[in-house]
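Below you'll find the structure, written out as structure tokens, and then a few comments.
Chain naming follows the written order as A, B and C, and within any one chain the residues start at number 1.
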């Protein structure tokens, strides 16, 4: 293995309104290595690669290829430098054949397409790398795994020397993953370099030569595969600096308000991602669920809230079973949800602060209004009251929320979700992307809800946050609760084990 | 250095008025140059061509708005446009793209004709007759929109395709009726139904040039404005329109909203069809609408779905059409040139709208080394 | 003194009459470049300008939809004091009736309609006469005995034309059948071509039409078969296919109407001009063999003289019922409301 970097990214920074997606990231890719980018969702992996691939432009920082400084402005530009990327969403034309799709990516395929030559070359490549695919098949007839192979063959066909794979195994069966890993091995043995983006520890450990861990848009560190194990990686991912500097209010817990029994939920890819999960939260209690992202947290939250249909199981709120897929009923019953997607789910970006505050007003009134005659004045004064109470910094109640910072946006969500004395609160990554001040505000709000007697389910990636807020910690792995611990940093080892898939009773 | 086009983060408030005004002015200016060239070709010298161009412009801009007859013509064209555009706005606010205004207009016209000539032919009171015909017309438009609504809500079909296709079905259905079973027995075999009885005609004034359809449209617009601004429905429909996921998250029954949005949208267009029959046409004929349902899409869009703005825009649009007729009628301008002009106005309006969302930015490029 | 005043008044009136040219407006349903119906009316307008020179001012507007739009256009001309307004499409009828009542000083003439008012008259041409003649040509030229007819809308005017054409076909070739396909258009080249092609596909070797576009002619030319045009001499569009066309010639009739309005003798009588008036005629191309051409011209002369009528019994309908007995001729009323096909027509009136 030669040791000079074929690619170097230096001090890359990129911010989106309200979020620092990449903060001074540096990365080195050596010739002939598989370099994993590991991190939670939202850690900045995809943003970084989109910058490299010319989809985004970095605010600061430089990119070097073979020690020469370059400025990549578009994907086709990136291809020119031999950088190819297989994105999570494929870019194939379903009605075309495999060969036609491969040719489509080429800049100069000439006026007449020599299908025969292309087909035979694809055949050669697919055999050489163990990526079987029929060049004449129409893409729409192929499976997701086969489509991914086409994307990779496309890159090989163009002779890309640096290949970026963005969460490639997310759509694959274990057998297909094995096939992919063999192809990656073959590629690097021939001198190509691969950047492998993932949040799955096992794969990263299985395939990489080196691993760079990102957290919150920053590089936590880059390590050699041989010098680290699972637990070490988990610790890097969730953060070492778990400090308990704040006292938690002590609250007498009451009866069990949220009860979940044997819940099974499927994800968007139709795979079971919450399996036979049971849990219970009492009033005045915060249950923190720790786990690497993608282990069923989202599906669990959405199933409780009614946005996602459960396959089987029972969800009870204060003694009443919740029906399938009826959000309104749950809101009426006193269930609040702070989803992780503030912009895509919890708010309407083009509507005013006021409209966003009263989004659920027709179902659960924050302010009393006849649906036939909304009282603008009363709504306005209530909105102003909430803006004050939650110290939302906005020019006025009429400002569209897309102009608000992440922290203020989250305060709008909190104001709506917490002002109605909910019985149960689901908080999913409630502080992701927020600055320290806003984070503290979220913590205080949730703790005061707990004091009031709400039952709170907290799903978070940061162990700090879990320890800071929770009364109990549960660890989720592949849709199952692996075990419970007290919210104490001394259990961090055990939690790390469980996050990596070990059952509590195993040791 | 390189100039790049960037999306504006914030569009200034005044842009809503300034941009269309500038756009139309630009269109007028370009058209003026074309007209000047055209008249120079006809009249042979620049100064008389210039005078002719000014005259033509005066005619086009004053007749439709400042002359009694022109104003009535403008109202006549405005009414069907306004009804369909108001209907469309109801669905468009929820980002449900009803392209079927034309078909819903036809169905409203068809069923109100059925009412006037057959179903309610014994009703003698004009008031009852007009109310009945309005109701069945609206119901017909609603029923016609219910088809794509149910298909969208339960089978997730694309409403754009279905509503568009149903336009053709409605038009051909009307054709079948006016060439076949509903043909006026006293019409010498010519296509078209018998004329509406007097009690099925809207009250009209000034030599029958001005019927009360304008006021019905105004009432609908005011009602819609109230619904959009002051009711829970209007409030929630904004959420559905802005972020579907947020609507589901808020517990809004998106399926019901989808169905109701399309049905009400169709009902208003259908009412427009009934009003057009009772107010102007007085008999169902092949092709009675020269594409009002499609022009209304542009009207609704230009008015940013605001009901009162829709009235204003459809009035101006009607005036534009009437003014353009004047150019043809009295200045012998070929129709093709008029079409160019209408195209220019739309092009400039759409272009202005698009351009106002962007701004030019100068980007410094890092020199490449290769 | 009284005499003087009288003379003065007369003088004023006559000078006023001399000074003010007659203002005439034409409303067309299609673009005048269509080479068809509206084109021929516009030819009539140009003929007026040539004949009357500065005694007349003409204006026109193209592509005016039938319905409410039309009404505002008629009103616009009348309100500006135009003396004579021609509406050249059937669908303008309601608008013209309504507007003519509001503007009694303007004379309105409606082409192809049937309603009149004090100042609204109707006019049309006996197109069935040249249609019959063109049928003679088609019947003589077909070898497959399948003649295609691309029909516009199922209205009496079109049906009458098909029947007259079929009478001509039957006259020279009793075996031949006229196959009808409806396009439901007046001007839509794509659809009309499709309709023609569907007829060619069943073996038609002569294509006739009733629309304004030359698309059916071109379809025939592409297949190397013959075609019968309509409205105007369409030979330029299909030089190897075009045999004949029944054509309009509005100029002389329009001249007559303008004169009657100028001298105050206009009445709202319904006018229905034939070949003898010059309102309609037939044109033949060089492709028509001289024998056939001779037959057509002699028939034409017989019609002009009144010795011959295209519809002479016995005439049977498609079901075989005798509609008109030996030697019987349908009345104008029957012709104007015709809604059935004669027995050598294949096809249905929708």
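Quick notes on this one:
FYI, a contact is a pair of C-beta atoms (placed from the backbone, for glycine too) under 8 Å apart; a residue touches a chain by one contact, two chains touch by 3 or more.
This one's a predicted model, so the numbers in the text were calculated from it and none came from an experiment.
Legend note: the chain whose CA centroid lies nearest the centroid of all displayed protein CA atoms is B. Chain centres were defined as the mean of their Cα atoms; on that basis the chain farthest from subunit C turns out to be A.
Separation between the centroids of subunit B and subunit C, computed from CA atoms only, is 35 Å.
The mean-CA centres of subunit A and subunit C are about 73 angstrom from one another, to the nearest whole unit.
Spacing of subunit A relative to subunit B, judged by their CA centroids, is 45 angstrom. The touching residues of subunit A, counted against subunit B in their complex, run 62, 68-71, 305, 307, 327-332, 337, 339, 341, 344-351, 355, 358-364, 369, 371-374, 376, 403. Interface residues of subunit B facing subunit A in the complex, by the touch rule stated above, are 10, 229-236, 238-239, 242-243, 245-246, 248-253, 365-370.
Per the touch definition, subunit B reaches subunit C in the complex via residues 69-70, 72-73, 76-77, 80, 175-176, 179-180, 187-192, 195, 207-209, 276, 280-283, 285-290, 321-322, 325-326, 328-330, 332, 334-336.
The part of subunit C that touches subunit B in the complex is made up of residues 25, 31, 59-69, 71-73, 75-77, 79-80, 90-91, 94, 98, 102, 114, 153-156, 159, 184, 336-339, 350.
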